[in-house]
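Presented below are the structures under discussion, each in the form of structure tokens.
Both complexes below contain subunit A, partnered by subunit B and then by subunit C.
Right, the complex of A and B next:
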């Protein structure tokens, strides 16, 4: 079917519209959003299979030929991210049933989550730089609603910060696209890449590359543009936080990877050097934050920043191994961050606090929760058979073979601090002396645990099945190392 | 402060002018393909007419004249836009591909019809729905 790659965008969009009609009937909303998100997952799995068998899929919207109309492009990289996004959203929706609360559910929670899915899937799939901006806005506006929905004091304050930062970065995005358009006269990503190769990236395009890095760095929270993230992500309730932590920054990371591998790969001595330095500083800063706090949410939030740094370090080396590692690590990180946020969400629900010093002894009453959390922490840190290992190994391999010893050493050392920061949660919150809690009932906690355990299980399988999945990642990295594959698929020459 | 004011001039003028604005907005909506105009500006101007009614009367009266739930109107508009685009899926052509043709309609004679108009109708309804939802929500919250 010619329109297969639009289904992961179209199904949530139609679902969101239908859900707007039934906003008063919470049970109907739950049913529809769960079923249709499951359909999105199935469509994206079929898409991966198609891309794997037949190569890069493109569709020219409105039947207008490639550089003139909007083209949607699904290579293996974007298909993998679309699938991961859909799976995470499905789990988060199931988790929300017993977590988000009836008041939020009645005020368009589920339609907005579907719109968020439209934005993220669209941003991963589009092949047009201005269309990328539009999907960014779809995603951001949904996230504005999700961050303030409920209207608590903290949410409103952080919501204003978040909106301000993103409005500024979106304006900068438009300005950057305007510069790019005035230099090259095209918006189609494949055509941009071809024209940049023709003029061999003069100084103005290097300046535009840095502007893009600033724009996407603001969205993806790299050093020194991360400042809004710890506060803003602290405000919303757990399921929303899991969606944000797993998806939103990763769209920024995806865009940095796309622009730096497809457009600006000619003068890597300057652009990628800066990216590499910023990535390493991001890792260092994230580590400082992760070990400094005694608040479970803050610890995991700073771990997002570390992961962004690690992935971008892999990209900055432009080494095939490291790129493959980055793709693998990106998918791993989306899954495991969602899992961790959902798990600490269960802990917070049980104990009624986010302060680690007030928790303790959860393993006595909730052994299943404790051991799942331990599996997730090991997976996050990259203990060998689990999913964080292979990606980081390949990034390190790429880093060392490009002679970037300092960067690779920092990434290696960061693993230790990541492990320390999450084991701190395990030792103080789950181990230790039990304390009396007045949170949710055991059955309620078990439901929340079961949904998040699905993600941990996925992460574990993802680590053990790395060899089976390897061809997919090799195919994804091929397009990143050789932009001509992408250009030929779109412009069909 | 006086409890009751007499807005008879404002209300009488509004009765005439709101109708003219409405007709003009419909005209601007329909000529969008060949001259400046279209769903966005048409929708804004229609909501302008309703806002004028809101200024001359109060929210309750206007809700009686136009018993519309604007949130549902937004959803219907989206359904129009998405449905028109997704119709392409049925014919197995790329998404958003539009169809058009010349038709000999009874009263109107030879008329060019284009599915892009349906898409524009969606835009028109969404713009009205969103604008009116914003204005009414701000209007009633204390």
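Right, the complex of A and C next:
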């Protein structure tokens, strides 16, 4: 079916519209959003299969030829991310049933989550730079609502900062697109790439490349543009935090990867050098934050920043191995971050605190929770059979073969600090002497644990099944190393 | 003409940055409005300000102005309008709840200062 790649955008969109009419019937809302998100997951899996068999899929909306209309493009990279996004959203919706609270559910929580899914899936699929901006805004607008929904003092305060930062970065995005349009006279991403190749990236395009890095770096939280993230992500409740941590920054990372591999790959000496240095500094600053805090939420939030740095280091080397590793690590990181946020959410619900010093001994009463968390911990740090290992291995292999020894060494050392920061949660919160808890009942906690355990299971399978999934990642990395595949698929010449 | 517009856009950006660095939340929101005005004017300017008729087919003119940037601006205007409306209501709500308009007093997180 030729319109297959619209489905992951269209299904959540229609669902969101329907859900707004039944906002007072919470059970109906839960049913509809779970079923339709499952349908989105199925559609995206079919999409992966189609892309794997038939190559890059494109749709010219309204049948206008490629550079003149809006084109949607689904290569393996974006199909993988769309699938991961849909799966994580499905799990988070299931988790929300017993976690988000009836008040928020009655005030359009589920429709807004569906709109967030529209924005993220759209941003991964679009082949038009201004359309990317619009999908960014769809995603950001939903995230503004989600961050303040409930209206506690902390949420209002952090919501203001979050919106201000994103308004500024959106204005910068518009400005950058305007510059790009004035230089090249086109907005279609494949056409942009072709025209840049014709003029071989003069100075003005390098300046635009850096502007794009600033815009997407603000969304994706790289050094020195990550300052807004720790406070803002601290405010919303756990399911929203899991959505943000797993999806939002990754859209920025995806856009950096797309622009740096599709547009600005001619003068890598300058742009990719800067990207590499910033990525390493991001890893270092993230590590400092992760080991400094005794607050479970803060520790995982700083781990987001570390992972962004690791992925972008892989991209900055422009080595085929490292690019494949980055794609693998990106998918791994989305799954494992969502899993970790949901798991610490269960811990916070049980103990009623986020302070690690006030927790302890959860393993006595909740052994299943403890061991699941340990599996997630090892997976995050990259212990060999689990999912974090292969991605980082390939990134390091690429880094060493490009002669960037210092950067690769920092990435390697960061794994140790990541492991230390999360094992600290395990040793102090789950191990140790039990303390009295005032939180939820055991049955309630079991439901929350079961939904988050699905994600941990996925992460483990993802690690063990790396060999089976390898062709998908090779295909994804091929398009990143050879932009002509993308251009030929879109412009069909 | 483009040079004059470039200078005007530059002045708008300067004012926007100055306002957004101030303490009062309302001044910050006015700053974001000026920033989006600057951005929209910039799209119009960089795509060229050559003479031509309005992009309407009924005009039967020899040359028209570029219609694409106008569509982009129209999209960007409604988006920034929506965001600004949300931001203003949020500022009002925050004023009710926190009792202050001063962003310096909106620091820290609860119990984690």
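The criterion applied here is as follows: the second predicted complex is superposed on the first by the 493 of 493 C-alpha atoms of A that agree within 3 Å, B and C clash if a C-alpha of one lies under 4 Å from a C-alpha of the other, contacts with A are read in each partner's own complex, and residues count from 1 in each chain.
We adopt the following convention: contacts are C-beta pairs under 8 Å (C-beta built on N, C-alpha and C of every residue); 3 or more make two chains touch, one makes a residue touch a chain.
Since this is a predicted model, take the numbers as computed values, not measurements.
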item: Touched partner set for A:153, first subunit B, second subunit C, both or neither; value: second
item: First (subunit B), second (subunit C), both or neither touched by A:144; value: second
item: First (subunit B), second (subunit C), both or neither touched by A:296; value: neither
item: Touched partner set for A:59, first subunit B, second subunit C, both or neither; value: first
item: A:456 touches, of subunit B and subunit C: first, second, both or neither?; value: neither
item: If touched residues of subunit A are counted for subunit B and for subunit C, the larger one; value: C
item: Partner chain in contact with A:17 - subunit B first, subunit C second, else both or neither; value: first
item: Subunit A residues within the subunit C interface of the complex; value: 130, 133-134, 137, 141, 144-145, 148, 151, 153-154, 156-161, 163-164, 167-168, 170-171, 174-175, 177-179, 181-182, 187, 231, 234-235, 295, 298
item: Touching residues on subunit A, where the partner in the complex is subunit B; value: 1-3, 6, 10, 13-14, 16-17, 20-21, 23, 59-63, 72
item: Parts of subunit C lying in touch with subunit A, wherever the complex brings them together; value: 20, 25, 28, 32, 35-36, 38-40, 42-43, 46-48, 68-69, 72, 75-76, 79-80, 82-83, 86-87, 90-91, 93-94, 97-98, 103, 106, 109-110, 112
item: Residue ranges of subunit B touching subunit A (in the complex, touch as defined); value: 71-72, 74-75, 78-79, 82, 86, 88-89, 92-98
